[in-house]
Amino acid sequence: SGPMTTDSETVMLEANIDDQSSECLAYSMTRLFENGALDVFFTPIYMKKNRPAFKLSVLAKKEDEQKLARLIFDETTTLGIRTYPCARYTMKRDFLTVETPFGSISIKHAFGNGIDKYTPEFEDCARLARKHKLPLRKIYDAAQQATFETVKD
Amino acid sequence: SGPMTTDSETVMLEANIDDQSSECLAYSMTRLFENGALDVFFTPIYMKKNRPAFKLSVLAKKEDEQKLARLIFDETTTLGIRTYPCARYTMKRDFLTVETPFGSISIKHAFGNGIDKYTPEFEDCARLARKHKLPLRKIYDAAQQATFETVKD
Amino acid sequence: SGPMTTDSETVMLEANIDDQSSECLAYSMTRLFENGALDVFFTPIYMKKNRPAFKLSVLAKKEDEQKLARLIFDETTTLGIRTYPCARYTMKRDFLTVETPFGSISIKHAFGNGIDKYTPEFEDCARLARKHKLPLRKIYDAAQQATFETVKD
Amino acid sequence: SGPMTTDSETVMLEANIDDQSSECLAYSMTRLFENGALDVFFTPIYMKKNRPAFKLSVLAKKEDEQKLARLIFDETTTLGIRTYPCARYTMKRDFLTVETPFGSISIKHAFGNGIDKYTPEFEDCARLARKHKLPLRKIYDAAQQATFETVKD
Amino acid sequence: SGPMTTDSETVMLEANIDDQSSECLAYSMTRLFENGALDVFFTPIYMKKNRPAFKLSVLAKKEDEQKLARLIFDETTTLGIRTYPCARYTMKRDFLTVETPFGSISIKHAFGNGIDKYTPEFEDCARLARKHKLPLRKIYDAAQQATFETVKD
Amino acid sequence: SGPMTTDSETVMLEANIDDQSSECLAYSMTRLFENGALDVFFTPIYMKKNRPAFKLSVLAKKEDEQKLARLIFDETTTLGIRTYPCARYTMKRDFLTVETPFGSISIKHAFGNGIDKYTPEFEDCARLARKHKLPLRKIYDAAQQATFETVKD
């Protein structure tokens, strides 16, 4: 397979937040995803004046940068947001369904550039684990076994 | 309000530090702020050979990049510093003063792009909490209440 | 299966370390394992005076407490070690071997109290991945598939 | 007010987990809460052989220790669980309701030993923020202001 | 040297805090040290409902337990504090003074059980580094070199 | 000394990994170093849906970007890799050897822009500490003392 290509239209938005409770941080994350953020995560950091704090990171489409920066200012206490452009390599993905003794499970198939990876959908496995009152790993194992038999690559 | 604008004259300087005591890390942070760093923080990271370490991040004006890079080399054990340009969105800020039953407290007013945020100055609240032998939150609450009455936005 | 039982002869030794490089921390971990520590790990913590630091945790047999406390004092900069008794629940474990298209792989079988868990030995998988120039997950998958066929529980 | 008292019937259960995906960790947390855990949290730790891992901590009533230990073995990959007894100081709590321009909000009142603390219920604030399309802090501020006027302590 | 001995009159107090800003956390730490805490530190933790939070750990003399627990309730938002007894091994310490080309520096001498460790006092080194406009390590190096010549153990 | 210069031919590759065990993360790090990564490290992060996870960071020469991105896709579960260009300031380095009462030790000399830093090679010190059954710090101290005498700068 040839060279991998990137999209170049994403930006990272970052803000250090030292003045906000955990509940509000969690709410901000939710709001950012609802408004189109590609990814949102927090990192524990050590700020000046002995302050244990978190860095908020938001990966966004270039076209959403203004909207999401405004939302960060609106929903967090930060007064400054850093931003830099970011290219992204991504694998293509589609889904197949496998049958297991516990029910059907959706499998995410990630592919491209000569790589194939299969991952059972967590939500399906969790739902069947609860239904059958079994540990999650029993369902995962069944999903993986069914995938091996289906794909035989 | 129209589109938000960024300044484009800042850089991030980053170095992984695996060979330095915490006392020296804290001292480096102080020295970097004294020399004009816009922000300085540490992040816990996991390096090769089982080394628990910290990443130093320094946000700097472009014009201070050389001076601060030199300072990082001088005051830390690192032999390599990564750097990339960073734009910044910032809110404007000014201060007002409110009167509370415990004394005057300065309130930071952050504004711009249709957003207004008010935060009691921590140092004022801490000073009054000590003076009146009260929990900090009593002073914060009073500061917030006085702000609500002053601003009524 | 009846109630699970614990051994009661272990202690946790903990020390906050703010004055030592990462290389030395990694070396201390190695030395502690060599001297009989049951487990050793580090946790990032925030200490006074803005110091980013690590907590060292050492799980030890009661009979090794004195020896390992002495070793912590000898190999780290700490001047104080906290200690408290700790009971432990542990699963029994033995090993089986499975055949895969890539070679034999040892499987850890953890069991007890009606639970059975199987885990391919990482070292075996890594060795075969390198030998066959394949991603690690291909070997893991083969090991799991072979385990499913062997165990059929 | 006299001396504070503790309950002595709680235990801490801890396990280092280096062999499990984040999705499964999150699922384990949910399952533990569903089965009566008083608190569940994860801490990032640095384990041997360069492994970035997490420590699972579960606070439990003494009477639930066996059940929750079994659940940890069932739903995680760990083969060992540390446990030690833990006393707890807790504040009493009840709820009041305040009216704001945006709707009613439940306020948690924590009290005992001469201390009174009031906290707006996060879920109520989040719901009203969404309903009125306002930043969360506007609702919090209104809830705090209404509490000040209600309590006047 | 014979067996090391512990004092058995210390307790650990721990609280998970998910509802408080970094500034207040830093203030709580200061207040706890002022009221006799032997050690205070924060650990980043992952709580339920996606909340990035911190654990507060306070090591205290048994006789200060009630006072410090009350202070934690007063100065933080937590509604529950876990506590367990903790023994401590500690090294004895005294100080010597060494002369360097840059001025006198106090050296902490930790000893006991056949171990001797010498550490330049950070505050002295920092003060001389600033006075002589030199990197901190130059002063540390001079302090260590002077210690080698003084102690010759 | 004049202005410091950077090389501009490095890139940072980053991926959030929430679906992989610690063993595999450690293996990925090894594989990345073997394939020319300039640096590799992990950072603990808080992802959506309550997932405690790690960010993988890989610093690479521009010419290795494609190869290492492919390796990240092959050896981790991630489906997306962020990338941005990064300049680097680096100090030059060479080595000298010093004689100590315990044997020869290699000293790394980092220099450039008027800065000189000397660091005993960890591997040498660790080897001699084991050979002479001494704490590591005794060997480090001897190495530093020998360096002071050799360099006298």
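All chains are identified by letter, namely A, B, C, D, E and F, in their written order; residue positions are counted from 1 within each chain.
FYI, a contact is a pair of C-beta atoms (placed from the backbone, for glycine too) under 8 Å apart; a residue touches a chain by one contact, two chains touch by 3 or more.
Source: prediction; values computed, not measured.
Novice: Enumerate, in label order, the chains that touch chain B and chain C alike.
Specialist: Under the touch definition, chain B and chain C have A, D, E, F as mutual neighbours.
Novice: Check the residue numbers that chain D and chain E use where they touch, and answer same if over half are used by both copies, otherwise different.
Specialist: Both copies touch with mostly different residues.
Novice: Let me check something: if the centre of a chain is the mean of its CA atoms, which chain is farthest from chain C?
Specialist: B
Novice: Can you work out the rotation angle that lays chain B over chain E using Cα coordinates, in steps of 5 degrees?
Specialist: Angle of the fitting rotation, chain B to chain E: 180 degrees.
Novice: Compute the distance, rounded to whole Å, between the mean C-alpha positions of chain D and chain F.
Specialist: 38
Novice: How many Å are there between the centre of chain B and the centre of chain F, using C-alpha atoms for each centre?
Specialist: Computed from C-alpha means, the inter-chain centre distance equals 28 Å.
Novice: Using the touch rule from the top of the page, what residues of chain F touch 2 or more other chains?
Specialist: Those would be 19, 23, 29, 42-44, 46-50, 52-54, 74, 77, 84, 117, 137.
Novice: With chains as vertices joined when they touch, what's the shape: line, ring, star, complete or other?
Specialist: If you draw each chain as a dot and join those that touch, every dot ends up joined to every other.
Novice: If you look only at chain F, which of its residues touch chain B in the complex?
Specialist: 3-4, 6, 10, 12, 29, 33, 39-44, 54, 57, 59, 84-91, 93, 110, 113, 115, 117, 119
Novice: What does chain A use to touch chain C in their complex?
Specialist: Spelled out, the residues of chain A in touch with chain C are 44, 46, 48-50, 52, 117, 137, 141, 144-145, 148.
Novice: For a test of understanding, state which residues of chain C touch chain B in their complex under the given definition.
Specialist: 18-23, 25-26, 29-30, 42, 44, 47, 49-54, 77
Novice: Provide the residue numbers of chain B that touch chain E in the complex, in ascending order.
Specialist: Those residues of chain B that touch chain E are 23-24, 27, 44, 74-75, 122, 126, 129, 135-137.
Novice: Which chain C residues qualify as touching chain E in the complex?
Specialist: 16, 19, 43-48, 53, 55, 66, 69-70, 73-74, 77, 79-84
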